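One chain, subunit A, appears in both complexes that follow, with subunit B as partner in the first and subunit C in the second.
Let's look at the complex of A and B:
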């Protein structure tokens, strides 16, 4: 279905995840972060870029891989995106909800 | 009674969904590798969903946080019907080591870390880790024998204290 986010019409699924990363803009990310009560900082954007890059290279995302190769530690990741960090960060990044259990 | 029976199913669901899971308290009482992984994956999975989670290591579960044991945990090949090998074979020397190394390889492929690294991941994710006081005494272990980032040693009473609050669930593994 289509949804208006930050003045743009984008395709999202029923959980509010963008279905086409090409439609993503920083403003859209910012608006979704607002819905999650997250104020984006430089650190947040570094994580978002990492997630988008991993998704474009079809790498499976997990908390472990983010902790190993990502721009922040696992501890910082939980602080930056409190309450379900991988899910929230993925939604802000405009990539699908991760299916990983770790 | 008859009223409860005729209540539409979806209304019951709505009432329940207001009571989402807030906290998982997992009790690990065994140290076979499959049990330890099940416990760790559930604890970590809870954090990933924004649910608080804690693990109470008791009896043999303590081995999963004992420094010189945690990387040497095994899968049981005897008395484990899911192995689908005759029990007599499962008891042969080397069988348990073989099954264990197979499982570790499969886990690594799924991006599931070894026990020591998994504990670090759990700590970093905010899972609180508690050792059972009685079990510690029973096995003649010291705090220094255990994983460094443990949150502490608790009595059973102390553990139940942590179960306070609505939406807390306890799970015995």
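Let's look at the complex of A and C:
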């Protein structure tokens, strides 16, 4: 389905995750962060860039890979995106939600 | 003489040996390396803790399934040296190969979470992903008086991603039958956003947890286990108390992959999703749990992969382009307790949906819906595993690529 975010019409799924990363802009990320009550800072954007880069390279994302290769520690990641950080950061980044098989 | 070497005689490696021996001529010497004595029927580890299967039903000798004409080398693997087309064994012996198939699987790595291997390990903290763990848990549960039971996943990916949920369902069923369900507080703790994460499954199956009175704690990324206070602690500061913890530790690929310097963070081998050729070198292929392909780590996936990898090995031998055919197909029974089960069928691009299997519109098995027939199917599968799957026999009516007929797909959005 389509949704208007930050004045742009983008394709999203039922849970509000963008289905096409090419439609993502920083303004859209900012607007989704607002819905999650997160005020974006430079540290936040570093995490978002890391996630998008990993997604474009088809790397599986996990808290572990972020802690190991990402710009912040796992503890800091939790402070930046409280309560389900990978899920929230993925939505802001315009990439799919981490999922199991069912 | 050409040499094909398979690393690992588990489900995937054994199937490849059985597929390839009759299809490669006598010019090809095939060897398979594994240090284990026993081949375990791993889906049975789910049932062992509840005394549904007996230990001896789950184990056979590993050599029983290695076909005539294939050398079984009983040694540990030290490392792969791709530049020299060579594998070094733990006894220092070097094996040359023309084609290598990595089927070294995945193992639990409880040492990855601080405190897991503390004083409570195998006392109040158990895994059921190993034979020893499942058996120790059975002995514990037999005399457990009740209390807080927590079923927990450390991090993804794990082998058989639905097994922890099945465990929780079977535990509910088990304690109801024992007449002590009121003394058991059952909680499911997951690093994901819910027990089910795909929209259709969430919609169709979300009620199961509430119905069975299983509490869920989601988005829980474990940092450590506090042994003294019997608590799980996550990075966000959330805590979950337990009396009996049944955890699925971090799953990692074999240490030999790390020693070879070819794996990812979790020692899984970078592999092309569609061809199953690794990105390490053209003559190295990988199959089953050992790969990093974004399919479920499950025997059914290895089975479907084995049909496509066999074709691709034969093409590689003939110098033909590889088929880009693997679609991530998985087909899994999901026990829901009380003598019922679900069946799910999905691939890289389609989430599990409702419908019938394997015959479109007919069944007899129902997708994503509880039934007794599915439970019977799951129990019958043990025979199929030992007698057909490992031997590389085609399972009638079940195709390597997912059949889209008779299934109710929502408008595709993945």
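The rule is short, and it goes like this: the second predicted complex is superposed on the first by the 99 of 102 C-alpha atoms of A that agree within 3 Å, B and C clash if a C-alpha of one lies under 4 Å from a C-alpha of the other, contacts with A are read in each partner's own complex, and residues count from 1 in each chain.
As a convention for this text, a contact is a pair of C-beta atoms (placed from the backbone, for glycine too) under 8 Å apart; a residue touches a chain by one contact, two chains touch by 3 or more.
Only a predicted model underlies this, so the values are computations on that prediction, with no experimental measurement involved.
Participant: I'd like to know which partner A:20 touches here: subunit B for first, subunit C for second, both or neither.
Facilitator: Touch status of A:20: no partner.
Participant: Please tell me which partner, subunit B or subunit C, touches more residues of subunit A.
Facilitator: Answer, by number of touched residues of subunit A: C.
Participant: After the superposition on A, what does A:84 contact: first (subunit B), second (subunit C), both or neither?
Facilitator: A:84 contacts both subunit B and subunit C.
Participant: Show which residues of subunit A both subunit B and subunit C reach, each in its own complex.
Facilitator: The overlap between the subunit B and subunit C interfaces on subunit A comprises residues 60, 62-65, 74-75, 78, 82-87, 100-102.
Participant: Hey, which residues of subunit A end up touching subunit C in the complex?
Facilitator: Those in contact with subunit C are residues 13-15, 19, 58-60, 62-65, 68-69, 74-75, 77-78, 82-87, 97-102.
Participant: For a test of understanding, state which residues of subunit C touch subunit A in their complex under the given definition.
Facilitator: That would be residues 155-157, 161-162, 191-193, 196-199, 201, 205, 218-219, 221, 223, 235-237, 250, 264-266, 292, 294, 296, 330, 332, 334, 344, 346, 351-352, 413 of subunit C.
Participant: Show me the residue ranges of subunit B that touch subunit A in the complex, using the header's touch definition.
Facilitator: 41, 44-45, 47-50, 110-113, 121, 124-126
Participant: Which stretch or stretches of subunit A touch subunit B in the complex?
Facilitator: On the subunit A side, the touching residues are 60, 62-65, 67, 73-75, 78, 82-87, 100-102.
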